[in-house]
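The next part holds the structures, each set out as structure tokens.
Shared between the two complexes below is chain A, which pairs with chain B and chain C, respectively.
The block that comes next holds the complex of A and B.
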């Protein structure tokens, strides 16, 4: 018995600060948030328990559904864009270019800029003014003789959120590239040589040797990008502020909070958490299984 | 030895966790707070620009009038006041109020009043003779169930149309004469468009479009009908509101479509540089024209938005006395300075607004303010929607969202339904 404590006591003690702090500031607060979400809480008046009414109200409210649709469009374009460009760049760098280090830095640099700082610039770039008053991308298109491609960008009803994904893609494609590049580098050269010896064409080599090895990297990249996308707030606040046309759940939550509707804001926060969980939990289970398999 | 170390580490962790939970325990030092005028902690969002200059001027007057009360500045910057409001809500909820806090006068105070977080100041108004120097229609707007809860420091007007004189003269329209009503105004816009002005009217992000809609409502419904929207005596599904929505969509056809996401100066600058002829904006736009070197009456002029002449669509910053303020006597001194003639003069000259008192001397103020002061004294005062005077914030948020949707989809039916729902929800709470 005494020996048992000696075994697990010190490690437990060493991680206990983390356990306690994370326990309080993450899990307890998630609980508090959820209990607030079940009340008709305003900033000042006493709370009144209403069960799941906040959730049912939200899920039948056109405005919230609109923000979810916006988020869906944004997430799809953001994920496809970053994966596509990230993979393309990584593949080209892997093929061997001169000054690879320089290119790597160039593609990674945007990630060092905060969404708020770049958002202020993108607000100007994505200005939907056209003709004489055009600025940003519309002006650029005019000056290279492609005036017909001028666009409303995020101001377009419906698909405007796809334009909002452009800054996010610009910023994070480099990160996905870095992930893929490390994936490419992790594939031993011998495997490729062996495949070539067996007479595989370049396409078959990628299809049957390289891609399967990249599978875990792609999954990580996808999950990282997806959960960032679902939580997007700073970029949208910097580009347009909280306006209806670019509203996503996170900005709606902020509006509800400033309108002193704490119950509603907490309900939105809970829904956001669940949305992220849909992506994260299967991933965690998958990695846990993979690790256990590796240990065996 | 190892065990002892471990115990110490464990204690330290527990201590840390406790410290995290306990928060501010030193807020409840009471004693005789009602008579304590040693200091006053004033909570505002006036942290930069002309607002900071105004606050500094006010504090200077305060220090002269009440040298024994120390002014403690508790300004919270950012987000056009929304950061400050969130910080304030958590302080009030924890019963740790400042001695006085800034809030838009009118319905924005509803939440505070319902939660019994601020004191009735009717007695203060009587003692200091404020009921005689503030216009009676303003007092009507400030009064809730017979009680007044805040002291306005300055007044802004929201139904002002800013006009580029050059563009109008070129199109053969006299810029000095305001169109009689919305129809005449729309006709002028058509004339401007025929003369090559692509966007006769400029708009910016959602709240400026709310302000434009509020002006249209005011013009169509008149002062009483408009004011009735906020207490339920005018219904949003009435035919007049349908007419107003119709006018609003006609106006938007003459406006730029790229406004959403742009701050108000972008729209005002379109009038300055002659790409737009009209901009409906509050009179804080005056500073924008000033900094661009424009002269009132020459390059630009203003009139009340057509159809709203004789009405003063007001918004005001005001100060309160929270329940349980630690230095209530200090707060009263502060409110006295704000409402005094000298305090209002110092603040409004620096901020570019007009005083709430009608006994101020117009000669002290620049030209635009002189005109605004004259209308303020004689016009019917109504409450601005877009700036928190007419409805509480959650109701305004619903309206703003509905207008944002309308501007992008142009679906009048959905818009009116959303307005009706917002009214039902806003009045029910």
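The block that comes next holds the complex of A and C.
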């Protein structure tokens, strides 16, 4: 036992600052946040324990349900869009394209820009003014003879959040492309050649050789995009600010906090955390297991 | 590659070429057509992806008298240094943006550079321990640390804001520096752990045989090999601290905070008719991370890829 401590004491000591910091600032604070979520308070009076009431209130509150619906629409369009374009670009670039590096760099460059900076230009592009006053995309549509497609973008009630997914797709499709491209490149050329020698058509080659090899990459991409989507905050704050029409739980939480409704803000944050955990926890366990298996 | 494998691949290619050469000429024309179509599609997406950049540049270089909805997609009607009827030039937008953002940009450098270097150093130590010097349940600890990089930071924000208040921390980049170091630890640990997993065992063993302790091996063998890992981590951390808006909004004031806060204020204060200054501001504020991407793109992508957990 003593020998054991002598062996693993030093490495544990070396990593202990991180364990303590992450322990406090991730796990303890999540706990504190949850206990705050079970109180009703204002900034000045002592907070009062109310159990899960904040949660039940939220889940019946039209405003919160509206923010959840917005998040759902945004997430579906964001995920489908990034996966579609990311895969399409990677697939086209995979099979020897002149100036492949230039295409890749251009498709990926939005990742280097912040949502806040790109929000400035998307605010302009997605302006809802139409007809003579139209600027942004509506003006562009008019000038290429597609004036009939002009619309209110994110200002449209109902499906407006689908428009908010456009800047997000613009920003992250390149990232998904890079993931898929690394997946394509990870497939041994011998495998493809073997299939070709067996007389497989290009389509069959993809169907039976390439796509199955891409499953892990596709899973990573899906989980990463999904959790980024659920956390979306900067983009919406930069494009519209915290307004009702584009409200999602993350921005609603900001509104609640600035209104000193700590219990409500914490409850929204807890729900958000649970939503993200649905994707992340199985993914982390899956990755840890896969790694252990690979080592054996 | 073994000789047999080389043979197999070569014959494969020959057979494919045979197939292509024997194909009827209509097929070859079809192939050329599909190749052209591919480039047309690729270039179409280049135009789409670069469109916002065009809008930023063009709008930021238009003086106020040059702004109207009808001409909003056109190039400026005069050179940016030529004054319009109102005496204002296109460059005035850039001057306004620079005057607003220069001080915040300076503060953001003071925040992002130390945050990146300190988290990278801690990450390197952690990565070494978690890949080469494991203790019982090291993999569980690693997964628990990783969890911290995926959480929505809203889930810790209320207690964090309260903590900041009760400790009397300033609403400035000093507080943000601590926060970025702490919440940067998971990703930095991940990058270095994956990186050190790739270091050949023999190197470590040779050094151990020479009588070096684990710390000695880290110092003499691992650390000198770590430069690419450090570049990837520092770029990643620098970019995320530079681009951060969430922590900045919750924990700092615009007049002591980073550039993201000032940029949003500049942009949302703007009327639709005067987007010039905020577009110039967006370009100025993006310049440091864009330059890093252009100059060190390979390492930037390395950081991106490590975000998907598996190396």
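Quick note on the criterion: the second predicted complex is superposed on the first by the 296 of 296 C-alpha atoms of A that agree within 3 Å, B and C clash if a C-alpha of one lies under 4 Å from a C-alpha of the other, contacts with A are read in each partner's own complex, and residues count from 1 in each chain.
Convention: contacts are C-beta pairs under 8 Å (C-beta built on N, C-alpha and C of every residue); 3 or more make two chains touch, one makes a residue touch a chain.
Every value quoted in this text rests on a predicted model; they were computed, and no experiment measured them.
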A:103 contacts which: chain B (first), chain C (second), both, neither?
second
If you stack the two complexes on chain A, which partner ends up touching A:196: first (chain B), second (chain C), both, or neither?
second
Figure out whether A:30 sits in contact with chain B (first) or chain C (second), or with both, or with neither.
second
Answer with first, second, both or neither: which of chain B and chain C does A:21 touch in the superposed model?
both
Touched partner set for A:115, first chain B, second chain C, both or neither
second
Examine A:238 and indicate which partner it touches, taking first as chain B and second as chain C; both and neither are also allowed.
second
Name the chain, either chain B or chain C, that contacts more residues of chain A.
C
For A:143, select first, second, both or neither according to whether it touches chain B, chain C, the two together, or no partner.
second
On the A-aligned overlay, A:63 touches which partner chain: chain B = first, chain C = second, or both, or neither?
first
So in the superposed three-chain picture, is A:123 touching just chain B, just chain C, both, or none of them (first/second/both/neither)?
both
So the chain A residues that chain B and chain C both touch are 10, 14, 17, 21, 25, 123, 127, 129, 132-133, 241, 257
Complex contact set, residues of chain B against chain A
2, 6, 9-10, 13-14, 16-17, 20-21, 82, 85-86, 89, 92-93, 111-112, 114-115, 117, 198, 205-206, 256-258, 260-262, 270, 275, 392-394, 396-397, 400-401, 403-405, 407-409
Would you pull the chain A residues touching chain C in the complex into a rising list?
7-8, 10-12, 14-15, 17-19, 21-22, 25-27, 29-30, 32-33, 36, 85, 89, 92-93, 97, 103, 105-125, 127, 129, 132-136, 139-140, 143, 170, 174-175, 178-179, 182, 189-190, 193-194, 196-197, 216-217, 220-221, 224, 227, 230-231, 233-234, 237-238, 241, 249-250, 253-254, 257, 262, 265-266, 268-270, 272-273, 276, 280-281, 283-285, 287-288, 290-292
Residue set of chain A touching chain B in the complex reads 9-10, 13-14, 16-17, 20-21, 24-25, 42-45, 63, 66, 123, 127-133, 152, 154-155, 157, 239-241, 243-247, 255-261
Given the complex, residues on chain C that touch chain A span 5, 8-9, 11-13, 15-16, 38-39, 41-42, 45-46, 48-50, 52, 55-56, 59, 69-70, 72-73, 122, 125-126, 129-130, 133-136, 138-139, 141-148, 150-163, 182-183, 185-186, 189, 214-215, 239, 242-246, 249-250, 260, 263-264, 267-268, 272, 275, 278-279, 281-283, 285-286, 289-290, 292-293, 297, 300-301, 304-305, 307-310
